[in-house]
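Please find the structures below.
Across the two complexes that follow, chain A remains constant while its partner is chain B and subsequently chain C.
Then we have the complex of A and B:
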């Protein structure tokens, strides 16, 4: 039997590397494995996917995973923005990087038909690696709960990757092993408690070829606004209109045209598109300081526009 | 120069929902340039970061007529649009006065697009060519280009025990373009937005080809935090690494002279692409970069003095 895994993450979070470590670890155990990422022409922060196939027998399928047994979600803000449970088998596993209980996640996202494991992989990573690289702890969680590979082979694989030129007592190697071990230990699990799969949402059907414009011409401008990039945000600008002097500098420098105006006055921030780069804060005049960047809460929905 | 309040009255030319990296100034600069035009604009884009991230089918962030063409031929296509408008006018099928602008990255300007650019400049079409110069092929994963500066590390000019980043110097694209004798060529940076808007406005008014070379601090390729984009741009100008100047009908004018020239290390040490120069003793390499910057600045000053004479 082939175990198929789909990773959902943001570019830069290490889904590709995580999938790669997992496949190499499986190969170390004498299994057959694949790992490959899928991303478009998009940038750091954009949603990406990575895939694994792991089997005891050789296999020849090479396409992307559409009916996974396991889904790994590295950024909880992706839930609701990308189809996490698409094609996931009833009783399949969801591994979520979030500082909440598994039952809570199940209730919150309607995942009662799946086995849910939560692990605060970002928190564990910050604690050990001093950076938010959730892929390592989540692999620990995967080994602990779904047992696709043994923790030992993940450890061996991590050491051989990192220890090139360094000893095993190197602080970076140590921190990685610690992150892996903590991920293995600190998980929460909720079992399936309904057999009915959630509806896959209301995806509009794709147009037929004869309905597409000739040569792929887009016949209206600015249609990209439909696409929401607000979920890319790690920090959120908070605007205090009471002290804003309406100099429009933030509007001028916002790369995402996310400062909302009425005439020549600022009225708010378009959180559907703001990527949280923080340029607005740097240009806000010292006499006003109307914009402050604050940490985006992990589980806040991406859309918050008035 | 249009004031910010004037710009605020206009339709947003490049909308949100594009997928550039957080903090990337390219969409913002494209918006500024398009919005400084007094006429409707038609934009042509060469392949590159800006094109790839702003027009992912079926979406477009552009609120102006837009055509995407290959890496090498955006200047040729812009020439074609200019000529088509002329021909249609002659036939009485079109009566609008429009501005045509071509955007390309440094790859589409310094390297792959150079031949088409040179041809278009020589033929003298009335259009504006904007080079979004982030100093490497950032779109494909940070490969060196003709615009990558001396000793900057990229994936194809890495820094290690043997190599110290890119061994060659950057092309003087402004010199190459100005040598075509076009009416207007200028270098600008997003930190000095008033200067940039003035130059864009001037470029659109020129009767013939105009060229803008705009510095794009790239947080991914240069290695800094997204919110530092404009600060890095300011440092590039204050160190004279990226002088703001224009060549108008052969006359050189420096638009900004820093009162106190900041040492170039202040600019270099903020970026991961130069990190190797600060690990171990590379004083002589840092001094070499400084002397190159000084030399270029001196040359520019003397060219300006010559122009004034």
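Then we have the complex of A and C:
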């Protein structure tokens, strides 16, 4: 039997590397495995996917994973924005990086038909690696709950990747192994409560070739408005209009035309399109410092959500 | 998708001139009469004369064209793409390595549906270094989505270049007009030349669907296409190529009607109706082959000839109809695809017969209409300017009659005129 896994993440969170480590660990263990990313807009923060296939027997499939057994979500803010449960069968697994309980996640997102595992992989990563790279702890959680690979294989794989030129006593190696072990220990699990799958909503079919404009010419301006890239943002610019001098430098450099003007005065930021690149902050004059980039709020447990 | 036919307005009192012109001179003159908005070109033998002559027209103020002197063929085609996307009527010319150097841009021009017209003076690709004619340069661009029209002589080169402007703009596809390097490009023939105003009336004013320079309607051309859209746009392109078949035919018809020329279509046939052996070829070869076929006919044997004018789109159905009753078909390729299975025209014609076999209804095969099954063989000739003569072609036709009489064919392709 082939176990198929789909990773949902943002570019930069390590989904591709996580999938790669998983495949390497599985192969190290004598299994047959694949890992492959989906390439789209190559920009940190953009929603991305990566995939794994793992089997005890050899297999030859090279197509994408459309009906996964396991879905791994590295950024909980993707839920609702990308089709997390598409093709996931009743009883399938969802591994969610979030500092909330599995039962709470199930209820909040309508995942009662799935086996849900939550792990605060970002928190564990910050604690051990001093950075928010949630792929390593989530692999520990996967090994603990779904048992696709053994923790030892993941450990050996991590050491062989990181110890080159450092030695196994290196702090980086140790921190990674610790993050892996913590992910293995600190998980929460909620079992299936219903067999009825959540409705994924019907997507309108894409147009047929003869319905499309000839040669794909985009025959008007301003169509980038339709593509709301605000969801790519890891940090958001906070604008303090009390100190803004309206020099318009931020407006000039913003690649997404997300600085809103009224006449020649700045009135706000269009968060539907701001990708959070931070150019506005760097261009804001030192005496004004009207724009500061701040971390987007992480998903909070229910009781803490305002 | 195709536009309504141009009103066929006959020029009754046209004062034609017969001039002694080489293929290059005839095409330069046609360009002058077309008076395109823009020409971007780089010299390369044997095409140089076309743009050199045309540049002189520009310098002398005989045309209104913006002549863009570029530093390479890659830039020439890039400039043409930009010009055409801006709505300008755009032309260029090249040969051999120049065409190969343009290769990266060719599929962009077609996929963006830009009606660029290019005179290609066919020349062998290096190595070894050779400036003489064969079709290997054109065959390298075979699958680029361009309409490819082959001309036999300077008259066809002149007439076809004028038609190409209308074909390109009606089909919204770029067109290559191919003449044989030196054999036609540098050979002087009598050419019946139209008055300037007749040509300008025939080509009319371009009606571009859009212009990049129209600031009131900003557009994006050639945007990124991920896997969810790319294939649909490719499918559109293959449809456009199919739609170009009747357009090539129609424009040829309008040209012939307007100017009382010989008929221009997708293919031209010579004594094929009752022929047992038919040769198929492209370019200057066909005139020489006609003389050989005439000699065979005079001796009482039924030979025929098909000249393929439109190589892309490939007129599969017309070619099948012209060839289906032959016993043996000799396909003449002035390029080797180096696949070990023969030349590119051979591959297409062989496939045309197999396609017909597959798509025939079963009852049609078994009842009154037998499935045609001629023997199709291939001769690769004339590489790097190697001459091909009437006696050689005559000899080859005789060998095909032997095959018709039952002689075994051990290999479907052979080199004609190689020392062995």
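By our rule, the second predicted complex is superposed on the first by the 287 of 306 C-alpha atoms of A that agree within 3 Å, B and C clash if a C-alpha of one lies under 4 Å from a C-alpha of the other, contacts with A are read in each partner's own complex, and residues count from 1 in each chain.
Just so it is clear, a contact is a pair of C-beta atoms (placed from the backbone, for glycine too) under 8 Å apart; a residue touches a chain by one contact, two chains touch by 3 or more.
All of these numbers come straight from a predicted model, not from anything done at the bench.
**Q** So, on chain A, is it clash or fit between chain B and chain C?
**A** clash
**Q** Between chain B (first) and chain C (second), which does A:147 come into contact with in this model arrangement: first, second, both, or neither?
**A** In the superposition, A:147 touches no partner, neither chain B nor chain C.
**Q** Now for A:286: first (chain B), second (chain C), both, or neither, which partner does it touch?
**A** After superposition on chain A, A:286 lies in contact with neither partner.
**Q** Scan A:248 for contacts with chain B and chain C and give back first, second, both or neither.
**A** First partner only.
**Q** By the touch definition at the top of the document, which applies to A:232: first (chain B), second (chain C), both, or neither?
**A** first
**Q** Quick one: is A:273 in contact with chain B, with chain C, with both, or with neither? Answer first, second, both or neither.
**A** First partner only, chain B.
**Q** By the touch definition at the top of the document, which applies to A:204: first (chain B), second (chain C), both, or neither?
**A** In the superposition, A:204 touches no partner, neither chain B nor chain C.
**Q** Which touches a greater number of chain A residues, chain B or chain C?
**A** The larger set of chain A residues in touch belongs to B.
**Q** In the superposed arrangement, does A:221 touch chain B (first), chain C (second), both or neither?
**A** A:221 contacts both chain B and chain C.
**Q** After the superposition on A, what does A:45 contact: first (chain B), second (chain C), both or neither?
**A** first
**Q** With both structures aligned on chain A, tell me which stretch of chain B collides with chain C: 8-16, 26-34, 80-88 or 188-196.
**A** For chain B, the listed stretch overlapping chain C after superposition is 80-88.
**Q** From the superposed pair, tell me which chain A residues show up as contacts to chain B and also as contacts to chain C.
**A** Dual-contact residues (chain A): 40, 216, 218, 221, 223.
**Q** Once bound in the complex, which stretches of chain A touch chain C?
**A** For this pair, the touching residues of chain A are 40, 206-210, 212, 214-221, 223.
**Q** Spell out the residues on chain C that touch chain A in their complex, using ranges where they run on.
**A** 111-113, 172, 209-210, 217-223, 225-226, 228-229, 231-233, 235-236, 239
**Q** Taking the complex as given, what residues does chain A use to touch chain B?
**A** 40-46, 216, 218, 221-229, 232-233, 247-249, 251-258, 261, 263-264, 270, 272-279, 281-283, 293
**Q** Once bound in the complex, which stretches of chain B touch chain A?
**A** That would be residues 4-5, 7-9, 12, 14-28, 31-32, 52-64, 66, 139, 190, 193, 220, 225-231 of chain B.
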